[in-house]
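One chain, chain A, appears in both complexes that follow, with chain B as partner in the first and chain C in the second.
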Partner chain A sequence: MTREEIALAPNMPKCWNPETKPHKFCPGCGHGLALKMLGEAIDELGIQDKVVFGCDIGCSLLSWDFFNLDSVQTHHGRTTPVITGIKRARPEIIGIAYMGDGGGYAIGAQHLVNSATRNEKVTAILINNTNYGMTGGQMAPTTLPGQKTETTPYGRDPEETGYPTLGPEMVASIAREGAYVARGSIANLRQLKKYLKKAIQNQIDGNGFSFVEVMSSCPTNWRTNAKETWSFVEKDMAEYFHVGEFRVPGQKEEK
Partner chain B sequence: MSEKPVKGERRVFMTGNEVCAWAALAAEADIMYGYPITPQTDIMQYWTRLGPKFGRKFLQTEDEISAGFTTVGGVIAGKRAFSATTGPGNTLFQEPMSMAEMMRIPTVVIIPQRGGPSTATVIYSQQEVTMTTFGGNGEGFRIVYSTAGHQDLYDYTIKAFNTAWKYRFPTFVLGDGYQAKMREPLTIYDPAERGIKMVETEPLVGLPGTPGVDRPAQYLRNTYNTEEELYDVVMDIAKDYEKAAPEIIEWQDFDTDTEMDVLILAHGVVSRSAQGALPLLKDEGIRAGHFRPITLRPMPEEQMRRAAAKAKRILVVESAYGQFLKLVKQSLYGMDKPIDTLLRPGVGVTAEEIVDRIKEGR
Partner chain C sequence: MAEAAKKIALTQDGKKASFNLFPELCKGCGLCMQKCPVNIIVWSTDLGVYGTPSVCTNDQDKCIACKTCEMVCPDAAIRIVKK
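For the complex of A and B:
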């Protein structure tokens, strides 16, 4: 281990697999931060022996050996049904489906919608980075109006391509009693961890579907430096996507 | 689990779909995932009526992509999970089944073929042979049983679970709408009483103990970084598949011991017409034999070639426009045998039609 690695080691969540670190996400990528909060949430809940972690195709696939958790890497958009299938077969397992915004809101939207309406007792975590990271920065359902991507080189025109998907709002409006729905951000990690913990606890309690969208960064495809990256997450994205809990079991809706 | 759904042996008169549901029960299947499509839906309907009495589960999914991937999930969780679909549903199943091929996930799927292409008919065909044997972006590392009737449906649905779990390849029971909807007499039985032991299932995720502490974590994946890495994985699967093939292949032959004027090649329910044609042809003074592969994948190639070697000509008969023919040509490659065809996409074939075709010559 280098000095730097030794210095970093104590910060690593216990359920991370140290042998696969440093991880393979680009520098400044929000996936790593989200997975750190997820790791801490799992540690604090003490459920490392009960979780099955599923990751999608997209940059989320880079987490296939990220944790010391039994893990399955699936197909683009299909992590929700794989985890649903596991959970239905073995309800004692805590199933976590980890995906990108393309995976959850475009190609796998039918699975997200129907798992939510059926109130499947699984936890879905979706990384909103406003583009298709893995394939090199094309428009995603979450791309902001005016945002330039590889397939919207002149900026996203909502007239031609529609408006960005508001995922948690949509899920909250179709989910049943017992569902937990929130949107967090890598700009507020404490809050994000709280949401993730609640989303997993909600499954443990057998209440119903749990969904957390994470506003995240993709400096590689945004072609932004550190300052611009944070500004995009904290200002541009935050203007459009609102952080908060959209559904909490046993509680009135709050924003 | 509660008491056995099938005790001893029982003579019954059922539709093929009902037979499949009973067979899955008898085979100790734990959970079915599915999406309705005719002529498969009755399997789900019988399963949802019978299953809960024996502690078995069911999930109706949002589509067949989901049915396939939830089935994959059920299997990797260590349960004897299965599904059933056909036609456009089978098309959607190809994506999850390619994942099952790559990751050696022993799914079982029952396919009562309907007409194609597209939505076509809900009645009958043999037009899902290519898709079921070699569908998806893959190499066809699958096992496909083509059934000819209700006893077959019972026997091979039970067997499919054991073959899948023993060899760890996705396994299909390929029937058709006639078999699904018709009633026939058959014997249903408790597999144990016939000495059939169900192969134990095993979880691939959700193992006991804490990963990284008591044992290594399970990492299942189908994505690889380099060409070489992928090549090694695929070649390993190919090696296992080739090794298992001789143990898996099944076939039937009829009057193929002697020299033949014609050898009829047919599979599934069309084989019954071929069997029916043999005595009629004998009356006409034509020496005919029939070879029926029961497994279309892997194909009993050597056995087919041995039968073909004794015949002057080959006649391939199927309810599709040459899908089985393609598999036959591949199996008989290099043999100098004229091949005639009776190709009837999406419609049945009678024994008389086969006789007429043979009498009419090329």
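For the complex of A and C:
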């Protein structure tokens, strides 16, 4: 197969910072896909000069120089209150809090719960990869029953360690009228982009708290190849975590 | 914001579209190979940014220009240019 070399611009979202690419995430990491869809959503809404992007500790902090956006990095789930503060001080900006499942459901759960209860007008995006990726793949609140991790070498036993957190269901049940809550997956990127756009639009409209959980992949710590990675996201995770919209403003309670 | 700077791409021409791969962005994760609906993406002898194999197509004429590989690439290392 003969291949020529030509000069061509990569098809990146416009709000990405091309100088920091290739980004620092592992090969096959779902963060890249989620951030690509977030970048395209920001491009399509045309709000690049108004967004403040906050990232949390963990793998998600590697996105601190990912975008050509005003960015802030905080620790242990504090990205939600920090973005809330920025939003309260400057109501014209659009605040996006980006975190992992450790930051959102474990050490920073109180911030997520209280922001949702107070119905803060910010957008929170949470990446669920069923483990703590940066520290080497320990059990997280979202680890599936029976899944092997560093700290559950025989598989997670729900009798001992409880059941995985269902975040969007929890947020949907405590959030007030006007909240937008959804769960997307990197297995369906067009749908994920639609959810992210709706979540940001919900904040622009000033309705209330917007929360999107993204089912993501961690091939490094799952020790999977590309085929097994897709099958884990599409089958094993989808059995427990259901994709869909849980709260849409202006609609009656569903389910 | 100006468009992203041009990078070196390895290009393969086909009937419907050309397959352009950026070796300095490709990390060799293989996600695109699994998602290609016509199964034409294979490992290449050219190395990616981490010294792992990058990808190429074994018969670009079979490409249906669906851009699925472009969409599922976490690093934007693939660009499909339709004819």
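Definition applied: the second predicted complex is superposed on the first by the 242 of 255 C-alpha atoms of A that agree within 3 Å, B and C clash if a C-alpha of one lies under 4 Å from a C-alpha of the other, contacts with A are read in each partner's own complex, and residues count from 1 in each chain.
Just so it is clear, a contact is a pair of C-beta atoms (placed from the backbone, for glycine too) under 8 Å apart; a residue touches a chain by one contact, two chains touch by 3 or more.
Fair warning: this is a prediction, and the values are worked out from it, not measured in the lab.
Chemist: Touch test for A:68: chain B only (first), chain C only (second), both, or neither?
Modeler: Both partners, chain B and chain C.
Chemist: Touch test for A:32: chain B only (first), chain C only (second), both, or neither?
Modeler: Second partner only, chain C.
Chemist: Determine, under the contact definition given at the top, whether A:194 touches first (chain B), second (chain C), both, or neither.
Modeler: neither
Chemist: Contacts for A:226 in the overlay, against chain B (first) and chain C (second): which applies, first, second, both or neither?
Modeler: second
Chemist: Would you check which partner chain A:148 touches, where first means chain B only, second means chain C only, and both and neither mean what they say?
Modeler: In the superposition, A:148 contacts neither chain B nor chain C.
Chemist: Taking the superposition as given, does A:176 touch the first partner, chain B, the second, chain C, both, or neither?
Modeler: Neither chain B nor chain C is touched by A:176.
Chemist: State whether A:242 touches chain B only (first), chain C only (second), both chains, or neither.
Modeler: Neither partner.
Chemist: Touch test for A:15: chain B only (first), chain C only (second), both, or neither?
Modeler: So A:15 meets both chain B and chain C here.
Chemist: For chain A, which residues belong to both interfaces, chain B and chain C?
Modeler: 15, 48, 68
Chemist: Please give the residue numbers of chain C that touch chain A in the complex, ascending.
Modeler: Its residues touching chain A are 1, 3-12, 20, 22, 24-25, 27-31, 33-35, 46, 49-50, 52, 56-58, 70-72, 74-77, 79, 81.
Chemist: Could you please specify the touching residues of chain A with respect to chain B in the complex?
Modeler: Those residues of chain A that touch chain B are 15, 17, 48-49, 52, 57, 61, 64-65, 67-75, 78, 81-90, 93, 110-111, 113-114.
Chemist: What does chain A use to touch chain C in their complex?
Modeler: 1, 3-12, 14-16, 18, 21-23, 25-33, 36, 48, 68, 189, 219, 225-227, 229-230
Chemist: Chain A touches which residues of chain B in the complex?
Modeler: 30-31, 33, 57, 59, 61-63, 65-66, 69-74, 76-79, 81, 95-96, 99, 203-207, 209-213, 217-223
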